[in-house]
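Quick one: the structure is below, and I'll ask about it shortly.
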């Protein structure tokens, strides 16, 4: 089918390519890049208007722009160009409450809005993406050919999970789980690394676990690769960013009165990784000195 | 090759069977069961002495008995029957410090001792086991045919990871990671389950994630099965046991001065799942009443 | 001085009384109660209008109504009755962002708004309240006589801590700390209670710690009282409510990229105390059965 | 009464002094110091033997030496010098299981052993110590005059809490609670410190809370002092030591199947404060790069 892809960065570019290679006609537009070298398989245009004009009605426009304001500003410019019956898909990591709001806004304009949680990262191009779609069934049916191509296989790795917002909600939780799993592996390997008396080969241990163990997973495959390339992880700062979904998951869990200690602590550890002069720890040191006369380290 | 298997329970019985099906001659003995129906592929005997006598030297005897005292008492009876050059493998979930001690004890008797961390659970029979082996290279070489059969494939899923204790050490950490991963999934699904307004089909979400997502894993495959069979998990008490390795991992991390909050909290949540009348929570309620006049629930 | 008190519940009633006993003229009004038996020391009126009319300009009106919508709806009705130069104080547990917003709204009407975090609970009547005030210095100066009376002593236990919002911000953090301290005591006493072999008298231990120990505190005094009255805490359900400030503290910490694990876990434990059928724990039990064949408890 | 004090360091020296000032005859001996300037109120001797000879039977010898091996080695040398009916008190931060063992050892020699948890730090000299005593009632009765003097007042701040080990057990839990409380304050002040837009005066906030607030405590008094002296805590490294009781409390809680997340996380945060090159965080950064192409910081 014909589809417009707005945003041709790391994720959008790869998705456009997977679609093109899958036989779809992809019209790409990147708001930020004028001269970005898009793949030759892609037909690219220089404006949203050109993108809309290049597509037959009902149009399908997939947004792969950064979450937050960029989605709203793209919608601001895109909606007036669309017609009732067209479909906009937000495939980025938007907050699900924003998606609920945007779906209502599109609905007022007669345009369908789908929120599609997209997992798979840079490997999606070759392995396919896991796609959780929220919105109206009618619009999902329209996008089905595209979803079947983006997914690892036509009948797996994608699904219509619920009403507007449900796609990004489940993706948010997915990322919360991802934080917890990553932290669990990271802690385990750190314990083994610290057990110097055993001189364990961590890449070997990871490789063993890839087959037959209870902890085998795709993340473990990645960890194995990382440890084989760089067992000491030298040159990598112990600084862990986060891009929002973990925070949202923690906030949502609390809103729902669900205790989620592991997902929560995984987020806090990331915050902690970015502290190199913790006021809290300084105060603890000062208090220990205060009551016990324990020495403090000059800092 | 010829191998004796001591302990024919859920794990040992399946391992013996996988070995027999793989062409090895397995002599089985179960200390606890007199009339347990062992698989017809297995040759079983009625005593440790008979087991030892049925094996050619150098003998290989694999212990698959409960961790702790049963391993020591089995060694007490087995060691006098063995000869220098024989090999004893402990494939259970023993504490690695016990394995270090037992290896020294066997060494004094001229007998090799291997500690083999074994992962794979009830699925190992068909899928193979992940095996982390600690001990002397010479003994590992002797056991190689058996390890290659137990593993998912001869060249993967098993390895000699280090000196005595290293097999059970890495298995301990494996289980700590397992706790963290399980807890991460459990929290994520609990958040989705509580989001009643979205009426998510949790089995569907799990199934989508199995393909292409960052959180795909074997544990997720099991979760998908569990949720498909019983989406509401009714009939299952929210009571989570633990069998020791998580506690050891937490203690080891602290001994090594490694902060492992996620593995630690995963253990604490299991303890918490078994509290139904928390004194701590009662005291919190009493304190809130004490300073704020907040009502307490009668309990 | 003259002051109006809106809200004569557990907190407001006591504060009005302390002010009256301290020589101030307190005009009380309770939006919710028609026939509540207010203390005879208080002059009460039947409407906001009557309250405003009973006060000389510049008027001081202290709100002690539930946080959230009640504060806004009270302001809706009160502001039109006030004149430039009057002062409204919100002494409740409002979210500091609401206070920032309300201060701006009042400022537009020429009315001063102070946000006053108030700690002390039901004991404040006799012991005085700890008061953290945010807003303009001019308005704080006007309220000084009242603040000096409400505080434990004129020169201690109260202060002007910063701009609008700062009073409720510091009170929010105060409550976050309170959660952490309470949880620390609760866990400690729970550990001792579980150590049955020592048959410890927990009230005695608490009493010992009240004098000379590092953990002595007012909360420990309350814990001692609670344990002396009811050492087994029988009749008290292990169910711990929360009234919002803890959640806000956790959210604020994350917004500020501050890792605050203890305050956070204190909140999560309260959520956990209210779960009696945890879906997460059920899924953990199902997973353990899935990979290890471990039995589950029927539930 | 007459008492021997073995160990005249920061704690032992002060305790000896408080006893001497309270009218007791204190014979001091410090195993480590030859020329340490002991207070002139103290009578000091140069050997354990001289100390024992200087005391009338039944002798009371108070040990204030570092926990662990020093207590055992002191007992090794002391026990042969004592007679049945004499009393040894271990007032240090020993592990309660060691105290149970030592009590049995002393009992075999006819000597009483008391384990005395001692709280109060460097402030105990002037304010008195909080003392939790475990052991036989008969020995506690013998030591009563000394305990009454060490405590803040004869009838408060000390008690016989249970059998041998109970004194150090309750002190261990006391310190676990202390960790949690300290961490709660530290996190709260760190949140306020990070809220730069409010420019809060943290010493002022602490001072306000000292009077009338729910979080007032002796630790808060110390925090106030620390913040008044050094509001930015500059010159203090964010490095927090621990001296063992927190670890023991965490281990004990797990042994007892009690979930104590706040005490546990307080310990982990201390471990974390000492990591400046976390392998776990490096692996997290590597994994994020692996699946999402997210940049890593060079380190």
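Just so it is clear, A, B, C and D label the chains in written order, and each chain counts residues from 1 on its own.
The working rule: a residue touches a chain if its C-beta (ideal position, glycine included) is under 8 Å from a C-beta of that chain, and two chains touch if they have at least 3 such contacts.
Values in this document were obtained by computation on a predicted structure and should not be read as measured data.
Trainee: Count the C-beta contact pairs for A-D and for A-B, then tell me which is higher.
Mentor: By the number of C-beta pairs in contact, the winner is A-B.
Trainee: What whole-number Å value describes the gap between the mean CA coordinates of chain A and chain C?
Mentor: Taking the mean C-alpha position of each chain, the two centres sit 39 Å apart.
Trainee: Centre to centre, by mean C-alpha position, how many angstrom separate chain A and chain B?
Mentor: Taking the mean C-alpha position of each chain, the two centres sit 33 Å apart.
Trainee: Roughly how far is chain A from chain D, centre to centre by C-alpha average, rounded to an integer in Å?
Mentor: 48
Trainee: Going by the touch rule set out above, which residues of chain C reach two or more other chains?
Mentor: In chain C, the residues touching two or more other chains are 121, 183, 185, 187, 190, 194, 214, 219, 257-258, 260-261, 265, 268-269, 272, 275, 280, 291.
Trainee: Report the topology of the inter-chain touch graph, choosing from line, ring, star, complete and other.
Mentor: complete
Trainee: Using the touch rule from the top, collect the residues of chain B that touch chain A in their complex.
Mentor: Touch residues, chain B against chain A: 119-121, 124, 127-132, 151-153, 156-159, 161-163, 165-166, 169-170, 173-181, 183-185, 187-188, 190-192, 194-195, 198-201, 204-205, 207-220, 249, 252-253, 256-258, 260-263, 265-266, 268-269.
Trainee: Could you list, by residue number, the parts of chain D that touch chain A in their complex?
Mentor: Listed in rising order, the residues are 10, 121-123, 182-183, 185-187, 189-190, 193-194, 219, 222-223, 225-227, 230, 233, 235-241, 243, 261, 265, 269-270, 272-273, 275-294, 296-299.
Trainee: Give every residue of chain D touching chain B within the complex, in rising order.
Mentor: Residue list for chain D touching chain B: 214, 247, 250-251, 254, 257-261, 264-265, 267-269, 271-272, 274-275, 280, 291.
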